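What follows is a pair of complexes built around subunit A, which joins subunit B in one and subunit C in the other.
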Partner chain A sequence: MKPTIAIREPVVDDLMDQTEKSLTEDQIEKVINEVIDQETGVRLQTYVNTCIHCGLCSEACHWFLSNDRDVSFAPVTKVKDTIWVMLEKKGKVDAAFIKRCSQIAHTECNVCRRCGMYCPFGIDIAYMMLVVRRICAKLEMVPLYLQDTVNSHAATMNQMWVKPDEWIDTLQWQEEEGQGYVPSARLPLEKEGAEIMYSVIGPEPKFLAQLLGNITVIMNVAGCDWTMPATAGWDNSNMAMYSGDFEVMARVERLHHETAQRLKVKKIVMGECGHAFRGGEYDGPTWLGWMSPPIPIVHAVAFYYDLLVSGRIKIAKKVEGPVTAQYPCNIIRNAGLGSKLRYIMNAVCEDFVDLVPNDRHAFCCNAGGDTINCGPPWKKIRVQSARLQSENFKRTGAHTIVTPCHNCHSGVEDIVDGYKLGMHVKFFSELLIEAMEIPEDLQA
Partner chain B sequence: MINSESWDWECNKKMVADTSKWKDQFEDVWEPYISSDGEKIASIVKVGEGEFNIAVNKETWGEEPFEKIWYSRFSPDGRLTALITKEMEWTMAVDGKTWEEMYEYIWDTKFSANGKVIAATTKQDGVYAITVDEKTWECPVKLESIASHIISPDGKTAVAIAQTVATAEADVNAFTKGAWSVIVNGKPWNDNYVDVYGLVISADGKNIAAEYRNSICEYGILVNGTPWNEKFGCTWEPVFNPTNSDEISVPVRQEGQWFLATNGRIVWDKGFVNLMYQTYSPDGSNIAAGVAPSFAKWTIAVNGQPWSTTFNECILKPSFSPDGRKVVAIAKDSGNWFLVVDGTVLGEGCDNVWPPAFSPNGDKVIYKIEKNGKFAVAVNGEVKDKEYEALWNPVVSPDGTKVMICGVKGGKYYRKVVLLSDI
Partner chain C sequence: MYEFVSGPLVWIAFIIFIGGSLYKIYHMLSGAKKDMTLFRHMSLGHSAASLIHWLIPFNNQSMRKRPIFTIVSFAFHICLIFTPIFLLGHLILLDESLNISWWSLPEGVADWMTIIVIAGCIFYLVRRLTDPVVQNVTDGSDYLLLAITALPFITGFIAYHQLFAYKTILILHILTGEIMLIAIPFTRLSHMLFFVFTRALFGSEQGYWKHSKDW
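This part shows the complex of A and B:
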């Protein structure tokens, strides 16, 4: 099978370049066959044998569509140029090939699963890309910045090298910030038996601490019985799931769930992050042998929906002007929260302008699947390949794009910046804080 | 061990404190904790803007409030500890008296088994350490961070997983060479590792073990700094035999299945989808563990043999009765929590179940449950003592004839001792 001609600007990724030099063909063959034989099964064989190479998946892919229908970005090509070759050659491929596989699977595919919806056979192409990622990860062929976040997960159980004291100190600081709105507000640490354990992803204490202050206000106004852990296990994100280091993924997810079990809570409510929901709800539990999380996980969108529908949070003044929202793949296409997202957007915005296409058919922000964590070397092509979604945003005429997902948030900021859209990018909680009513007896 | 023989084991019921009055007395009252003997109940209370104190029974910790207080916990010997701040510096307070030294930060309080030794992680001038009874480690290398720490039951050994090498941002090579190690009473082990997890100390305090990771799928076990020869695809935390500190058992993953290995050798020939929480019997002769014989079917295996009853959500760490004859575990199935003894489910499903206390011969398990927002005591699956707003784990007397039940009803905190035969 001839490789596809792919024209790309050279990218320097120190770790991938270094690994390319050190990998031997024996190592590669051994790892590929180990993964294929021990970690895949009928599912992969069925997908590979069922695909008729029709290419209909291409029409679903924002990489293909944003790059002037360049076939080298088509999902079917990504499969053809990676796992098919590995299977056909029974693992006898070289280091340059593995490097190209990592480039395709880690940096040019968001495993957003839109293509699978458009495949006439429903083939989950993203799954095949994750198998490629797994092989690459076991060969240590992972983009540098993505590997660094995985290393952080492995060493600290959070993705941003946040030290234990920094975590607790930040929560205590943000509790005070929340008290600026609601003087009696409390961010309860380590409260056994609370109804809710609230968990977030590493960037919140590192760069976006105000989100912790926001949730302190929201929880207190809504009268929730909640807690946050003062130990590792607070970070619900999981870059190892996407790099292909499933052992670290499982350890991180296990600790997250066991922290909730230790605190004897009834549910985990997680902040606005899509991939973290996927890791906590599906990938982590599946690897660990759980059908579903032992302590149920509720994504922020569903949580805010419940608070608004039940009247525990009331809206005092809706946000003015046109506002749109990105639909995070992992909570919308893969978990069906689209109508709840539209409900909460309409609840807090005077003029919610929906994206076209929307809901399960919405396009990825192109940061998902950890492509954004591949870091600065890969940013240019990532933003270039989000052209389609930039046009979709532009058509809404919105002044603000709401992103109930951290990867989406960073990715959409890059889109807004790269395509000079002149829009603000906000989390839903930031809008809610602006719009919600703080009852008089709780006010400062 | 906690010496519970000196506790008041007379059969009686006494109201220790009317905690409902605290709500009128203070601006805010946090969740309460009680001492091991049940004689004291304490809550962090807000006494003014940026002013906190601790209420213990009918008193507070003196007149002078603190700027912040958190993590109030009773030591097993009955002393009340909390982490406090004064003029933006932190320290430990014990029964209201603060340690002399102040720190940039202090957290993760730990106690020896008898509660006489108190340790915590501290940070001062950017250097991390363990401080044991006010004495801070003087470590020959700068500790860049401390991930976790434990102390031996006798309190003589404090051990931490710490970062011993500073690494620059995204310096994956430095990370791969090993930047983490185990620090024992301030002295690092000779080698650094990519990652270290699952730190344990043997019951006699003589040996220390941990998991370590060399590369993406190469995990092993370290014992006193020496690695096992065997390597595995993944491991979970090791456990020492309580009667033989030279024996360590650990779940290990090979070719996609989990096995139990003892001292490097696989001892349970049957593999599982997952295997966790291995637990020795008190005499060290048997091992029980949580296992999934197939996907989403969880149970307990004793010496490798799974119970026939399985649960579709999860199972927690098992425990043995004092005589080692019975094994009990908390399991979740279809949204409900259950207590299970030797594979038999006791009673109805609950919203929460806590680990039980045993009668001496193991014929009774006494435990705390939660249902519909209220707490109760259950005995062998039968709900006996209901409608608590807060409840702590029942404790069986040293002679095995009585049980202490401590809980809050109608806003009042009660401690009562009843005959086991009467419950």
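This part shows the complex of A and C:
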């Protein structure tokens, strides 16, 4: 089979460039065969032996569609250029090849699982890309910025090198911010036996602390019995799941669940993040050999849905003008929350304009699956390859795009900047805070 | 030669086809047991839902997006599987040797179904040569599989119409049919065996585990 012609602008990534120089072919061969023999089993084998090379999956991938149907971005091509070669050569490949594998699997695929939904056999190419990432991670061939977040997870058990005192300070500061809306509001730390443990991703205390103030208001107005941990284990994000460092992934997920168990809560409610939900609900438990998480995990979209349906939060004034929403893959296609997202959007917006295609068929924002965490070196191609979704946003004519996922939020902001869409990008909680009724007895 | 290919070799081909298929499925299932969570993520209901959506034409987005391909693909596979099983000529031979028989297709219909299979193979061939994505993932093995699939039908068509060299073509027909059977478990034609399982897994993961759908 002729090699794929892939034309890319050269990218300097210090870690990948350095690893390329130091990797030996023996190391590579050993790791590839180890992972393929011991970690993938018949699943990979069956996928590879069943794929009839029909190319139907290409129609699903926004990388392929946004780059004028450039063959080198088609899902089946990504498998050809990585797994097929590894299997054919029985792991005897060089460091430059592994670097290209990392480029394909880490920076040019969001493991969004859309292609699996278009393959007549249901071949899960995202799974295969995660196998490639696993191999790359074991060889330390990981984009620098991504590896930095993994190192932070490993050292601090949060993604952003947030120190324990910074965490607690931020929560106390945001409790005060929440008290600006609801003077009696509390953000209870370490309350054993509360019904809900609320957890967030590392970037919230670091860059988006106001979201913690928002949730304080929402929880208090809704009268929820909730708490947040003061110890490590508060961060539900997991970049190690995406880099391929599954050992660190498992430590992070285990600690998150154990923290909830220590606090003896009934459920974990997560902030608006897609990959965190994937890690807590699916990938983490699977790697740990659990069928499902020991304590149920509720994503913010499902949580807000419950609050709105039950009337614990009432809407005073709907947001005016056309508003649309990104459907985050990890909570919609891969968790089935599409109709709940539409419900809450309609509940708080006068004019919710849906995307086409929507729900589980909606396209990825192209930031997910770690690609945005690969950092500035890889930004240009990422934004360029989100062209399709930029056109879908544009067609809605909305003034605001709601993104109930942190990766989507940053990714959609890049799309809005890159394609000059002139739209606002907001989390759902930001709209909810504007629209919700604060009962008189709670008001300032 | 005719006696050999139409006698013992038929038996050998069927034994290899059936034995090989059972072995391949057994091998896959026993290997899958090593994966701690694989079977626990499976559900019969969601597997069935996935199969229903992918075995009925236009019952999913992917098929609706490519109507021509979908029609060709279904026509091709239906004719490919049913023509040999319900062909009068095959049934007569079966009746003569084993004394069993079942309903057969009218000959004219079977003739057209053969033409559909051949046309389907030509369609796949043209795609392989012209669609850039498919071209890029094509090598000799893909053409070989197409040839293995098409040849029994091409030779069958020629033999039925007695266009030329009847005896030789008939032998070739039987031989290529046997090659096709033998090839199924050991090449990517095994997609016939694995289709149900890959669909069941993805359908279960999407439906049972992730509360979503795969169509």
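Here is the rule we use: the second predicted complex is superposed on the first by the 444 of 444 C-alpha atoms of A that agree within 3 Å, B and C clash if a C-alpha of one lies under 4 Å from a C-alpha of the other, contacts with A are read in each partner's own complex, and residues count from 1 in each chain.
Basically, a residue touches a chain if its C-beta (ideal position, glycine included) is under 8 Å from a C-beta of that chain, and two chains touch if they have at least 3 such contacts.
Quick caveat, the model's predicted, so the values are computed rather than measured.
Applying the stated contact rule after C-alpha superposition, one finds that A:A137 touches subunit B and leaves subunit C untouched.
In the superposition on chain A, A:G289 makes contact with both subunit B and subunit C.
In the superposed pair of complexes, A:K264 makes contact with subunit B only, with no contact to subunit C. Touch criterion met: A:N151 reaches subunit B, while subunit C stays clear of it. Of the two partner chains placed by the overlay, neither subunit B nor subunit C lies in contact with A:D17.
Legend: residue contacts after superposition of the two complexes on their common chain; A:V42 is shown touching subunit C, with no touch to subunit B.
Using the contact criterion defined above for the overlaid structures, shared-chain residue A:R333 touches subunit C, although it does not reach subunit B.
Under the contact criterion defined above, the residues of subunit A that touch both subunit B in one complex and subunit C in the other are 289, 291. Per the touch definition, subunit A reaches subunit C in the complex via residues 1-2, 4, 41-43, 45-47, 49-56, 58-60, 64, 69, 71, 74, 76-77, 80, 116-124, 282, 286, 289, 291, 332-336, 338, 360-361. On subunit B, the positions that touch subunit A within their shared complex are 27-28, 30-31, 68, 70-71, 104-105, 107-108, 121, 123, 145-148, 163, 169-170, 172, 175, 179-180, 194-195, 197, 213, 215-217, 219, 233-234, 253, 255-256, 273-274, 292, 295-296, 298, 312-314, 316, 332, 351-352, 354, 370.
Partner subunit A is touched in their complex by these residues of subunit C: 27-28, 31-32, 34-38, 40-41, 50, 54, 61-62, 65-66, 69, 73, 127, 131-139, 142, 188, 190-191, 194-195, 197-199, 201-203, 205-206, 209-215.
Of all residues in subunit A, only 15, 38-39, 137-138, 140, 144-145, 147-148, 151, 154-157, 163-165, 168-169, 172, 184, 186, 188-193, 230-232, 245, 247-248, 250-251, 261, 264, 266, 288-292, 294, 375 touch subunit B in the complex they form.
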